[in-house]
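Submitted below is the structure of interest, expressed as structure tokens.
Order of writing sets the labels: A, B, C and D. Residues in every chain begin at 1.
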Amino acid sequence: MPLDHTAQGVYVIAATPFLPDGAVDTASIDRMTDFYLGCGVTGMTILGMMGEAPKLDPDESLAIAKQVVRRATVPVVVGVSAPGFAAMRSLARDVMDAGAAGVMIAPPPALRTDDQIVSYFAQAVAAIGPDIPWVLQDYPLVLTVQMTPKVIRQIVTDNPSCVMLKHEDWPGLEKISALRAFQRDGSLRPLSILCGNGALFLDFEMERGADGAMTGYAFPDMLVDVVNFCAQGNRDTAHDLFDAHLPLIRYEQQQGMGLAVRKYVLQKRGAIAHDTQRAPAGKLTATAKAEVDYLLSRLARTDVRASLIPTSAGVGQ
Amino acid sequence: MPLDHTAQGVYVIAATPFLPDGAVDTASIDRMTDFYLGCGVTGMTILGMMGEAPKLDPDESLAIAKQVVRRATVPVVVGVSAPGFAAMRSLARDVMDAGAAGVMIAPPPALRTDDQIVSYFAQAVAAIGPDIPWVLQDYPLVLTVQMTPKVIRQIVTDNPSCVMLKHEDWPGLEKISALRAFQRDGSLRPLSILCGNGALFLDFEMERGADGAMTGYAFPDMLVDVVNFCAQGNRDTAHDLFDAHLPLIRYEQQQGMGLAVRKYVLQKRGAIAHDTQRAPAGKLTATAKAEVDYLLSRLARTDVRASLIPTSAGVGQ
Amino acid sequence: MPLDHTAQGVYVIAATPFLPDGAVDTASIDRMTDFYLGCGVTGMTILGMMGEAPKLDPDESLAIAKQVVRRATVPVVVGVSAPGFAAMRSLARDVMDAGAAGVMIAPPPALRTDDQIVSYFAQAVAAIGPDIPWVLQDYPLVLTVQMTPKVIRQIVTDNPSCVMLKHEDWPGLEKISALRAFQRDGSLRPLSILCGNGALFLDFEMERGADGAMTGYAFPDMLVDVVNFCAQGNRDTAHDLFDAHLPLIRYEQQQGMGLAVRKYVLQKRGAIAHDTQRAPAGKLTATAKAEVDYLLSRLARTDVRASLIPTSAGVGQ
Amino acid sequence: MPLDHTAQGVYVIAATPFLPDGAVDTASIDRMTDFYLGCGVTGMTILGMMGEAPKLDPDESLAIAKQVVRRATVPVVVGVSAPGFAAMRSLARDVMDAGAAGVMIAPPPALRTDDQIVSYFAQAVAAIGPDIPWVLQDYPLVLTVQMTPKVIRQIVTDNPSCVMLKHEDWPGLEKISALRAFQRDGSLRPLSILCGNGALFLDFEMERGADGAMTGYAFPDMLVDVVNFCAQGNRDTAHDLFDAHLPLIRYEQQQGMGLAVRKYVLQKRGAIAHDTQRAPAGKLTATAKAEVDYLLSRLARTDVRASLIPTSAGVGQ
């Protein structure tokens, strides 16, 4: 089931679970996959930045991809960004052979001019082959590469195998509107737009025309509900639910710390056994953990999902 | 009344009001100053980035500073960051002569190593003179200069006239804890810490030991209340109020758009006559304005301040 | 005599002379102007980066510009780059009133996309007025802004008052060829191209179609000769002379040190009284000065100009 | 023969030869190794940036390393920089098992503060193991990471397995002097310093106390001679030889083009069969090739090595 432009809903960005000694936690990979499926996600994206992909060696990357693809009943997108095209091609071909639905490619930080960006993706597609559906990642806050709507249109037009935009420009609401306007005026073919940015603007991104979310917030079930409420036109309900989670979504936005928060919450929710990250990693202090616990306790007042989380003490609740 | 390390509360970062033709709107300067004072701010900071300082010519900067200092009944801090020390010195000496309480200095983007940063501020103090109290601005997200707690301690120790940190590192909660720990172990003298970052983390920043806020969110009265609730130990009340504003605070975080949102809301609240910015400026589309209006209408359900804002129609409401 | 696209030869980037206490050395301004004129330059560019423009306050900038314009018998271009358009406009209008031939504008470092760059220069021209001839500075190594040949063509086409490119892209030989090809195919109007980059590639830049040099190397008389030899088709002679200077040109390329080397040599050649820079400034150690002296002594074997420099001892010559 | 602090001479940065279709050219690997050995190099460094390491997949990297180690009669250093520590460890352990003398590690571009840099190398050594001798690469122009002499001293002191600095800071002459001064005052243990930067400052770097060169200029035999002349105190002779090559060394300094020039010259000298690079790659136009040919023809007047290069026509010589 190859990825195409009709993709919508929530493609959760999956963590990579590790054992306390840093080895890949294969048992938790299945548990986490089941957890995400239980949240109602329509797809999974693995080996992205949140998946600590650069910290894996190539054999580990491929093994993880195979395991998730085998277990998941939804399309799996695999991040294949690499410093060079040889490694990108190897991983892309291997994961597609293993049953992945598509791959995701981020631009390297050195790209500056429009032409450099357009040219890079042409070379990337030449490297992996024109038959692999792929997701264009647009994340200037971290990658420092800025793509205008016109440049995105050029890339999509030049490369028929580009079927989705992972939108995480910031600010980016007007960018979604601009791309949808291109489609209305006939200058851009259909394209799935899923939004990242830790979901910080998901409420309005949906209203601007996004097809869903692609991010790793530790309550993907909430993302699913918000996307559905928006699709149904229940604007106030969508915002009410979203706003209840916003204090925690905001807390996750601390660069270098966000993944630690996510893994901590995923562990508390039972999705993974350990919140271990490989080095280099931001660590949560005891104070930070208490802050997250406080946010979860406040969230539990309005969202039953948070109320199901065992407290830190873990007994007598 | 020179600025010193006991400063606390809310030093609002003031906008610079312009007429529709781009000229400085002197009438609105008084109106806005009165508005801020009515919000209960304990200080004002002018000619910062939010004040569009780089877009003013030197005569305008000095005239604005004089007008605000004359009107305000609270200490006024003036941003004097400049590409060179000659301009920094001129403005700093002039505004202090006019009655400012202190100045604020941001590091230029080229600084990288610890030694470069420490050396820059030594040169800046040599330029403006050791008698002017000053605020160290720590804003890596925009300035790209990263100062560790140890480097901040070195700067504060080397320069007795440094009395305040404008903290807007991101993530920065641990940085506040680290600086307060230095004070407890006797290695850092007393220092006021006011927090920026558009108030996105103000709730926890106060709990980590900050003395207040220095930011330009368009409801400084809410910031005042949150700071007071925190000071009184009313944790839940502080978070309840803060969380109600968080969707709008978050909306303001869109880089390049934030000031447009702020001026739009300040205009709606009657603080300034026009939301004009000088070029280059991010502009709010009609859709964006409608999004802000929607956020204000939701806010009005829980915070009476927002309910007092006339609707866009402005009549018959 | 306004600047136009026929400009050629050497527009020397002038230093700004200071007294040992950091005050502007007005006597040396005249002396330096006469020195440059004696070298055969066809124009002068003042208040550029090499002129320590950001370290001057606005009154000083204007006074220096007036003094040079009064003294010089060649067109004077004034750098007016500023963090904001108000200051840019003030200086541009004032120096043109004082008799400058044109102004030079560099892009601010934050610009990334092609559209941002094109838009910035449109705003700059709107600010200074469409009647002032101006030079587009293209210096990615320091400014971090990358303009493709197509973007430069767009800027030149959009803004009739843009008459010259200060070319210092690196590598940039193909860029000159691309722009000249645009002119041959009729898509770009006539444009003067003068080259910077400390003259490091001047030999080949001339062969690629440049009209001359705009840089501050301390032997502008050599630059004049190289430009002339190239114009006359004396390729080997041009390279012979250029190569003799290359060890020193190369030595000047040390970022942060280059200006110190230039002022040191200009002082030795009698063009200015002191090699003082305003802070922040790179300083030459005794070892570095000895290295420059050694390079000058080697140069003196082949270029009579260097042989006329008094030795460091400074007596009995 | 593990690498240690007594290393000196020329450790040439080796190219990676490719066939016209982009496959690794194994025949040329042996030919090139022999060529370098014939030039008198005292070591080889492979899989660096010039070796297009990020464009290889892991199996290719290891195979190339094994082949070179088998053939070379001098110590071989292998670049193992990687986005994550897992891949760095795998390659480092494997190449040491294959007989490499040591590895080279460059800092990732995101590092800013002194503490971040020191911490990164501690983690890297923990990853590869404390028993592998390694070279610290200091290349801020490309890597954007700035290490002060004090930070380098800290890294060397913290990590006994760090035995060499690849110095390519720019400007960097004073840095060599500062490090050697640390050694004279007893605060830094012995450390080999080999210089990169395309040899642009090798003449003075040797005089400042460097132990030799580690760079890929296409005439490593000239680098060997310059290093030897300097070691023997033949200052003028060293500069005379160096200056003859400077026009070509300078031409190679064009970022993004330098490797194309090097491979073109290496091919002309018979060291490799093809000048193919993998994408993305800068390409030499016909004009650029003619410029290199002209520089080689001028060089042939003074250095017999260049006179031995067949002309482009390749017949009748």
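As a working rule, a contact is a pair of C-beta atoms (placed from the backbone, for glycine too) under 8 Å apart; a residue touches a chain by one contact, two chains touch by 3 or more.
None of these values were measured; they are calculated from a predicted model.
Setting chain B aside and leaving every other chain in place, the chains that still touch stay joined as one piece.
The chain with its C-alpha centre at the largest distance from the centre of chain D is B. Remark: chain B and chain C have CA centroids separated by 39 Å (rounded to whole angstrom). With centres defined as mean CA coordinates, chain D is found 48 Å away from chain B. The geometric centre of chain A is 33 Å away from that of chain B, both derived from CA atoms. Not a single residue in chain B touches at least two other chains.
Only residues 112-116, 146-148, 150-151 of chain B touch chain D when the two sit together in their complex. On the chain A side of its complex with chain D, the touching residues are 52, 54-58, 60, 82-87, 89-90, 109, 119-120, 123, 126-127, 278-280. The part of chain A that touches chain B in the complex is made up of residues 170-171, 173-174, 177, 200-201, 203-204, 207-208, 239, 243, 246-247, 250-251, 253-257, 285, 287-288, 291, 298.
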